[in-house]
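Please find the structures below.
Two complexes come next, and they have one chain in common, chain A, joined by chain B in the first and chain C in the second.
Showing the complex of A and B:
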């Protein structure tokens, strides 16, 4: 074992160092250099794509089931409302936001709300209609704090309240859209109408005619119609 | 606009789903030719088997698309007959294949594959019991594994052809005159088939049978088809040739009770709508008679001559062909005599 002996200092040097130490303590008492954020009186500034509570727009949802299919925690179950809409079980949710990222129409939106509680497990299953409105949040904060990494970590405090539901640009629609490439092949079986997950294809019967139409706004270019068509009528074209 | 299109469908013959119309107008009156074109059915409900065409549980499963009545050659039936239009008539023989006569149907299909005209050819083979089997062929070697030659039984060629087309192949097919008419009507109604069915070979045909009826009929008369190696109809007699060279003969007239009712209204002997019609009558033994009707068939024959796979002779006894054409018109009046 190696013993470390205290450094032997002269009297002047010893007094100087003691005074320095007292100075630091006095300085910390007056202006503390802590990097702790005083939640809930302060909130940390979060990025717009922060993975918090998820909101839902039932008008934008096309019931494509992608969120339910991609969810790695099986937290999303599609429930029948006017169409099939997602419900999220927050007891399972791992906040990966794959559902938000996979949503082709931006019907699922991210928020910066990360502080929410439920009374029991049943309540943690949040149904689509409960996700439409932004929940009421009790805000006690008056400062927004930001960490600035500039050599050393620094705290930048601003006396302002951050909006927790950011404006999110809806995802771009795929550049392609379904179309009847060979309408003269069509045998009016309407398998495409039945198969389309977004109800984008409609068929109207008029006497001996069948009029088929693709709603471009609803089409997500998933190609299911194309695959199910028995006569190669459908395909994708540029939007 | 590519997002809106319409499909015109025929009038319904009876109330209800379209299959009900097909049933009431074609199947139930017995004018169905068993060509199998209706197997275009998008839900694959219509069955083409060794019994009249049927659709189990159609009341539930038919999706009322009208495809079957659009393509059915008997739905608005006008009998075709006569020699039809043609470019030339000649007799030919394949140098590499063995078939009923000159094996020209086989030669045509294989040459079409070799020329690159088609990806797949639909062939009819048979099993030991002489049940027809349908095969998709992509090269000449595959043909040699099949038992070609005339079977006188319905074969589900068109379901296989339709499936092949759906998979994106260009196909060639051999069929009876009713199948040829079915394909042509389908090609007029659905462009996909006009594009992908490149070669349609028609066979000379008077009647065809259901396998179970034909085999039972022959068994009653002590003929075991299992031992047969060739069947043929010549000079009013149905002939079964055995491996040992023995032959059994039955007059064709005796077959009357088992002739399917759909054949009894058909007058098309020479497959007038085909690209090329192939048959036995009119040419000498070992040769097939060819009625070349379309350029595509003529080009293929030139290709075969270049490749040296055929032997062509000009002489065809037209009188016998004409006689059989008229004979079929006489024995199969439409509308049928009561």
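Showing the complex of A and C:
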């Protein structure tokens, strides 16, 4: 068995260490290095891409279902309103914001609101119309606090109110648009018309053949029509 | 009783600051008895300052101060949300309210009679020394044996704590009581020796003589005795680094583990009350007692004020120890108590005799 003995210190050395310990404590008492954020009165400065509450713009939504498809927690269900709009179940939501990232038109927007509560489980299913407006927030804070990791952690306080709903630029659409590259291949099956999530393709009957009309404004270059077309009639071209 | 009022009025605390108000109140029939009783010197000493009122004030501030100080050192905030504008000082009152309305649980195995009465009995050795601690003209009993009597009465507190541990009938309480008993012997002898050294130095056990002789504070005359007394105070009030009998992390508050509600409130404050008493004793023996800068407007209130202030500042400083040191083991603390501290306490007696025999002091 190995016995560990305490270090033998001389009188001067032990007195020095005692004084050192007392000095540290007295220093902390006078100027504490506390890094607590007094939450309701202070808020931590959050990045603009903070993954908080999700807002929805029903005019921008093209009902492409991408948010519902990508959601790893199955929290998003598309409900029929004017078109199919997403509803988010915050009981399931893991705040990964894949839906926000996948939204091709920026209809889903991120906010920095992270402090919200619901009364019961039913209320946690938030429908699209409830996500349009920014919820009312009781702001008690007058300071914005930021951690500065420069050597020791420090708190930097600023007397300002942070905007919780950042301005997010809608994502740029790919500079492409669907077009009938090989019109002679078309067999008039109209699968593309049914598949187009933004209803950009319409078909006009003319005697024995149909003419496909593509609304360039609505097309998001998702290339679903390209994939579904059995005869490779449709493709993407530069705008 | 017309005679009673006259006796009290003749021996009243004279404070020029509130004298006009007192004169008015003394003319009102019933209230004059109350005012005269409160301002009667023995009652004023025991009930207001340095007695019960001062103890309550100390309890309120020192608990908050200690929590706040520890929090600052540990990078926390400490009590704040109750009464935010004044830094959360009302937190202690809020805790007290909670203790009042919490259920007092007396468990089946406890010796119910002792279990309930001991926390209340513990106030006897806390309040009795106040009778003997004078503050200049404000005092209850003057005696040549006041200092030894105070030490003897303070020494009764651990007995009550050990009895509480026994009455709790709990393994942690039992361990805590045993630790308290061990510590009691380890610090009490050096403490008595340190007090004895100062009594040898001043040649009296009368606080009035002791304070009168301290033109130079006792801490400069015999610093070894002062050091012994301070370490013994820390051990006696079971503060860190000698928080061995209570030791939250090991035995969950030791002898007080089974207490709840108002009874816990009473026993929790016991260590602070003891610290207050020992600070008063330390002030009288080593810090020049109630000597201080004269404030004429306070009149008779001035000596108690200085005595209280000195003791209180000492308590505020000693609270810092909690965040500096870790807890000693029981065997380490006993070794310190029975070897080095006992040795320096004997040395302090030798220093006192040397000072007296060489004639440094009149």
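Worth pointing out:
Here is the rule we use: the second predicted complex is superposed on the first by the 191 of 239 C-alpha atoms of A that agree within 3 Å, B and C clash if a C-alpha of one lies under 4 Å from a C-alpha of the other, contacts with A are read in each partner's own complex, and residues count from 1 in each chain.
The definition used in the following text is that a contact is a pair of C-beta atoms (placed from the backbone, for glycine too) under 8 Å apart; a residue touches a chain by one contact, two chains touch by 3 or more.
As the structure is a computational prediction, the values presented were derived from the model and not from experiment.
In the superposition on chain A, A:213 contacts chain B only, with no contact to chain C.
By the touch criterion defined above, A:231 reaches chain B but does not reach chain C. By the document's definition of touching, neither partner reaches A:156: not chain B, not chain C.
Within the superposed three-chain model, A:179 lies in touch with chain B and out of touch with chain C [touch as defined at top]. Touched residues of chain A, counted separately for chain B and chain C, are more numerous for B.
Once the two complexes are overlaid on the shared chain, A:36 sits against chain C while remaining clear of chain B.
In the superposition on chain A, contact of A:188 is made with chain B only, not with chain C. For chain B in complex with chain A, the touching residues are 2-11, 40, 42-43, 63, 65-67, 70, 166, 168, 190-192.
Residues 69, 72-73, 75-77, 320, 323-325 of chain C are the ones touching chain A in the complex. Partner chain B is touched in their complex by these residues of chain A: 177-191, 208-216, 230-233, 237. Residues of chain A touching chain C in their complex: 21-22, 25-26, 28-29, 32-36, 38.
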